[in-house]
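Submitted below is the structure of interest, expressed as structure tokens.
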Amino acid sequence: MSKLYKRLSKASGHVPGELIYVGENKSKNVKISLIDYGPKDFQEKIIDNIEEVFALKEAPTVTWINIDGLCRTDIIESVGTHFQVHPLTLEDIVTTGQRPKFENFDDYIFVVLTMFMFDDNKKDVVAEQVSLVLGPNFVISVQETEGDVFGPIRERIRTAKGRIRKMGADYLAYSLLDAVVDNYFNIMEKLGEKIENMEDELINDPSPRTLKTIHCLKQQILFLRKSVWPLRELVSGLERSESKLIAKGTRIFLRDLYDHTIQVIETVETFRDMVSGMLDIYLSSISNRMNEIMKVLTIFAAIFIPLTFIAGVYGMNFNSQASKWNMPELNSRFGYIGVWAVMLLVAASMLFYFRRKKWI
Amino acid sequence: MSKLYKRLSKASGHVPGELIYVGENKSKNVKISLIDYGPKDFQEKIIDNIEEVFALKEAPTVTWINIDGLCRTDIIESVGTHFQVHPLTLEDIVTTGQRPKFENFDDYIFVVLTMFMFDDNKKDVVAEQVSLVLGPNFVISVQETEGDVFGPIRERIRTAKGRIRKMGADYLAYSLLDAVVDNYFNIMEKLGEKIENMEDELINDPSPRTLKTIHCLKQQILFLRKSVWPLRELVSGLERSESKLIAKGTRIFLRDLYDHTIQVIETVETFRDMVSGMLDIYLSSISNRMNEIMKVLTIFAAIFIPLTFIAGVYGMNFNSQASKWNMPELNSRFGYIGVWAVMLLVAASMLFYFRRKKWI
Amino acid sequence: MSKLYKRLSKASGHVPGELIYVGENKSKNVKISLIDYGPKDFQEKIIDNIEEVFALKEAPTVTWINIDGLCRTDIIESVGTHFQVHPLTLEDIVTTGQRPKFENFDDYIFVVLTMFMFDDNKKDVVAEQVSLVLGPNFVISVQETEGDVFGPIRERIRTAKGRIRKMGADYLAYSLLDAVVDNYFNIMEKLGEKIENMEDELINDPSPRTLKTIHCLKQQILFLRKSVWPLRELVSGLERSESKLIAKGTRIFLRDLYDHTIQVIETVETFRDMVSGMLDIYLSSISNRMNEIMKVLTIFAAIFIPLTFIAGVYGMNFNSQASKWNMPELNSRFGYIGVWAVMLLVAASMLFYFRRKKWI
Amino acid sequence: MSKLYKRLSKASGHVPGELIYVGENKSKNVKISLIDYGPKDFQEKIIDNIEEVFALKEAPTVTWINIDGLCRTDIIESVGTHFQVHPLTLEDIVTTGQRPKFENFDDYIFVVLTMFMFDDNKKDVVAEQVSLVLGPNFVISVQETEGDVFGPIRERIRTAKGRIRKMGADYLAYSLLDAVVDNYFNIMEKLGEKIENMEDELINDPSPRTLKTIHCLKQQILFLRKSVWPLRELVSGLERSESKLIAKGTRIFLRDLYDHTIQVIETVETFRDMVSGMLDIYLSSISNRMNEIMKVLTIFAAIFIPLTFIAGVYGMNFNSQASKWNMPELNSRFGYIGVWAVMLLVAASMLFYFRRKKWI
Amino acid sequence: MSKLYKRLSKASGHVPGELIYVGENKSKNVKISLIDYGPKDFQEKIIDNIEEVFALKEAPTVTWINIDGLCRTDIIESVGTHFQVHPLTLEDIVTTGQRPKFENFDDYIFVVLTMFMFDDNKKDVVAEQVSLVLGPNFVISVQETEGDVFGPIRERIRTAKGRIRKMGADYLAYSLLDAVVDNYFNIMEKLGEKIENMEDELINDPSPRTLKTIHCLKQQILFLRKSVWPLRELVSGLERSESKLIAKGTRIFLRDLYDHTIQVIETVETFRDMVSGMLDIYLSSISNRMNEIMKVLTIFAAIFIPLTFIAGVYGMNFNSQASKWNMPELNSRFGYIGVWAVMLLVAASMLFYFRRKKWI
């Protein structure tokens, strides 16, 4: 999440349906992993040759094909041809920067959304596009790079924990979506901590650096919001869709997922309100500080300027011999002490005035 | 309501439907109280063993089981199993931080919302999640901790005051919701007083502390708003739901509850408008104050700087013997008095100028 | 309209349907006035015993019972019982601070809204809750205190002016609503004048007092808005309701009333936009003023500080006998005049510089 | 458009349906002009006695009666009676300040909207209410004063240019609406020029006068918006209305009119955005200017204050004969020159410092 | 995109359906190019005489007539007559400044939208209106000037690449729309770069020029937004329209186009949020800078004003011979050194004070 503005990855001017990968990850490594399971059976392997998986298409078991990497458009094309995926869907899969959406085709359901992960090395949030193709007994998931939030699901399939092994491909697809949305809560929590720290800094010790951080937070939240808002429509569309691919028992889980989505969206909105309020607070804090600076200046100036004037008066060189009206104080016995007394009086009354104004 | 940002209590990465309590209240004490009543019968007791209540399920009387404490997930699970509650509902019950919602299952209606109470000890508002499961002749209410706003309802059941003893479980559920919403008005009133005090302070004596308080109020209102907004949908959904569990006679009360909900929402919105206007007022107040400081500085500087200059002139050491053009004033008879006259004139005209500008 | 924040008058914790008056007007005087009329008949009287009116219920004439004062809940309860009014309606009547709404019961239509009047003594706007119960041939209106905007309607009934004597109870109810909404225009006009005066003050002579007045206006408009917005739904609901109590001929008048309501709402919205723009103008005006102060200070400082420096230089006591390089100017013939010339030159060039910058 | 806030012209407290003219134009002159045409026939005249036109009601030709002036409510009442217009419609016609709307009665369609014209004499925009009553073969248009934007339509009827003479009264009504909406584009263009000029002034030379003009522009746009927004609903309502008075061939023109209306609304919205952005720009410009003033002050102060201090030091009268430590510089050979050197060095380093800070 | 406010090109006061070109491009050159193709056939030519193309109307091949230039309204009129286009459509074609829209006529579909191109010479974005008339087997596209974004489509038709040669006129129309929308992404990217550069400048080195650029960017985004928003409705309307002119196979592509449109709209909205946030950041930056200036001033003033005062004191001419109380320091042995010590102490404590306040 280092940047809000992702280079828009639409390759303009090409033939609609043509597959051109436009993302930044140019590594040619594509990793295809396969998990195939039923209530009793289970196999898992990394495969090199995409054709290996085609045999499983007709089997009654649930087949989960996960593809990490988008560069090898030929692999994606061959999968597409074999599983009868529409060219426009394939184009959406390889064109990163898609808006999260759900499309109901005759034979399959296509879902694309953004997955956020916290990269412990970079200490930063990483965003990646995930596409899901849900068929009668298979799920194809395509990601930009390796590394995802699906670990616990793989573990549950392996250990047959929970109901996942007993349910169909639709429940698997739900589980994947659920894992992605669940992970949003982690990202939210990290963001929430950042905002809280920011708030303390804001009120206690605002600096130009604070401004940069607020701006940065704002951008991140804008970006998150853009990824999160369409989810609402996506999940409610899935739940209400009349596709035969989604069993009634799974829909109740989708409703649960929908609730989580709403919660994520509301949290993002709350964060947005909080951060946008911060800038106002920041401006107020700066104004307060300016007030304080001005006060110091005014107090110094108002006390010493009159004193300096008095000192200046008795620095004048009027000839006291030319006239007895010319600065007789200079020759008076208590002149000097008197002047000091006057000056202290002036200073004291200024201080008193400022104290009454509550400036000091 | 000490904090807007409640740690998001979604335990990510777990199996959907699994019960894991994630809240902050780790005390192992769970208190189960039972009230069972009909138009004529009434019994009330604290029970230790949850199985005791299962016998009442088939009885025609209304059974109200209230559970305080979420840690003993086994109790909640056993209740769930006995009363045929869906695992996802149980998950929602133990997972605090839920968005208020209402779900219509075949055999029961599930409602979850936030209860606010004013804790007289802490002098602060306390928020707590309350879940209601409304079945044909029972209501199960689950709260995070002991202490609630249901005292008057218990009293009414005990004394058979009002119509509650004559109505069914749906009316009991309505009464519980009504008690929660009613209590929002108390919270509103406390908040309203705070806002009024703030306003006086804002205009008469704004300080950086005021800024903090405004920020804090804003957060509290944001939090309240988040809890209150979904209520509208919740109550109107309940009223319009076609569930057989809600009798026609109760719906008219739900419509009344709906009106109260709208009133709470509108009050929160008004508070929000008022507080967000306050920051503008604060900024204006600060600017006004800065203006005043600047005026004081400018008046002092503009009066004394010219005077000091004049004094400086007659402090110059030009040799009046070298030329009669060199500072003849110094030897003039009325030089000193004349200079004072000039200086007073300058000061007076400056003062006159500032008065005409309405600065003093 | 002295205060935006009316103490919320919901008595929390009581039995739904119980009548408890919670308003501020505790006087025990309740005035019941009765007007009974048909195309030909007409009678009007002040009654002491509420039972007197019950006889008229069955008569074909239109009966208008007006009750001023909410304290005697027994009277309202007895009317309610006699005219078959639902307890929740009675509760709404005595609980002030209701949101304007309309409810369609089987036998009657219930309308509650806020009436604004300009109190010539207090020179302020007074708000009061008015409830209307429209039955087949009667209208019951309940107000908080004496004094209302229904005078012209009484006059029209007495003198049989217009169509009112020929129409039914629904037209009477419409007339009462119309009178309340009509009076909003008067309040708007007074508010509009205030805003215009404010605007002149704002641009010509902004002061901290202006800030208070803007804040106050904003609160008043917020309050008005809260009372006025629900009217739209109320009136359009009445117009489209399928109740048999409202004749087709009256609906066309309700459509007219709806137009007026929209106009009131739009005016309130315009006022809101205007007032919220004022704060920005105010801030800009203050900034302008600060600029002006800064200019004065800067001009004074920039002119006199260099001059004072020059005077200071020739006040130095370098011994011109120790070296001919030490301040020979002091002994020069035209030293003093030359210094004055330099100082005037400096001042003039500063003034020229500031004029070119358009500061003076 | 001299004023946003038009005195609200609802005469409160009167009988609904009563005709009372409340506008500002009190002249008793009412001008009634009649144009009667068919594909072949055409007559045009100014009539004094409204009864003259009643004969044409039954004729198959299209009759256009235009009434300028609202004071003679008796004329409007007699027209209303003759053409079976509902009293509430007549009330709307004479009550200026109506919200643009369209009402579908059994025998006629009533449209009321605001016409804007640029008055070349006053160099200002003038707003006037226009009401249209469209019957089977007649159109009655009522305006507040003489002078309108219908000249080209009259010309087209006279010269039989375009299709107008071949079409019915509905096309005439469309043409009148189209002329009013078309003229909005002219007003927009004038407003657009004003905004552009404002923008240049804003960035190049903002002054308090600019603030007034922005405020004024904002009010005008608010007023325009209020008149323009309801048009959308009005025109689309007309187009979709099932009235037999509007022929299918005319509806396609109404769709075109609808597009124009949308365009007018969007332009007003754009203007609004632009003007509301201007205030922010203005505030920023003022802040920039303040910065510049502060810089000048700070530069002067920071350069001369140290120099003045140095000069002050050597103006001290320490007796160098009392001790050889007392100000030996004064008697040094190069004292004076040395002090000048130090002072120039200080000034130069300050200038260098400020240049590095990019202040000069 | 040099200007937001395009002179509104509605020629008011003319007969509806009359063709008057009101744009700025007055060159009389109109270029008509023709591409006619089927799965096998293909011809392309520039034609001078519009009648040449009419023969192709009945041919089964797809005919694409592209007209560059709107001045020769006679050509457009003759095309309109021949292809049975409604006069109002022709008026929309020649009247530039249309809001993007889609209209479904009996025999054809009319689409008008704005095409943005980056002009490499002017280094600026150019906007131009494009109208499409889609008939059974022809597409007429009309542009304001030569130069468009349709090059790749022509190339695909020539080389029979992709499916375009096998599909009908509806697919051609889709391709043209797709090319226009695709090109928006390029414009977005350029705008996105500008915004990023602006952001860096904003935080690191804000200047009044930055303000101008922000204002300018805001206007451009407002203009883009106005062109882009109606596209949503346009494309979804096309997709859902029941016109027989659009084959089912093409609708799936329109759905894809719809997704792109949404993406463009969301990007514009994000840009808008970013730019509108920039102004706040700018204001904060200026305030920060002002703070810094004030600090420098205050530090200088607060250090040197007391020192200057001290120097002033010892510049007073009190006669130490008149009294031993008169300035004995002047004759003291370590007077001068002592004064210096005091002055250094004052300066040091001031510096210490400011450091503790974190000003230096």
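Labels for the chains are A, B, C, D and E, by order of writing; each one numbers its residues from 1.
The rule is short, and it goes like this: a contact is a pair of C-beta atoms (placed from the backbone, for glycine too) under 8 Å apart; a residue touches a chain by one contact, two chains touch by 3 or more.
Remember, it's a predicted structure, so these values are computed and weren't measured experimentally.
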Graph separation of subunit A and subunit D (steps between touching chains): 2
Distance between chain centroids, defined by C-alpha means - subunit A, subunit C (Å): 42
Rounded Å distance, subunit A centre to subunit E centre (Cα mean): 26
For subunit B, residues contacting two or more additional chains: 283, 287, 290, 294, 297, 301, 305, 308, 312, 315-317, 327
Sequence of touching chains round the ring, subunit A onward through subunit E: A, E, D, C, B
List of subunit D residues in touch with subunit C within their complex: 4-5, 7-8, 10, 12-18, 86, 88, 91-92, 97-99, 101, 103, 208, 211-212, 215, 218-219, 222, 226, 279, 282-283, 286-287, 289-290, 293-294, 296-297, 300-301, 304-305, 307-308, 311-312, 314-317, 327, 329-337, 339
Subunit D partner contacts - residues on subunit C that touch it in the complex: 152, 156, 161-163, 175, 178-179, 182-183, 185-186, 188-189, 192, 195-196, 199, 203, 252-253, 255-256, 259-260, 262-263, 266-267, 270, 273-274, 277, 280-281, 283-285, 287-288, 290-291, 294-295, 297-298, 301-302, 305-306, 308-309, 312-313, 315-319, 322-323, 325-327, 359
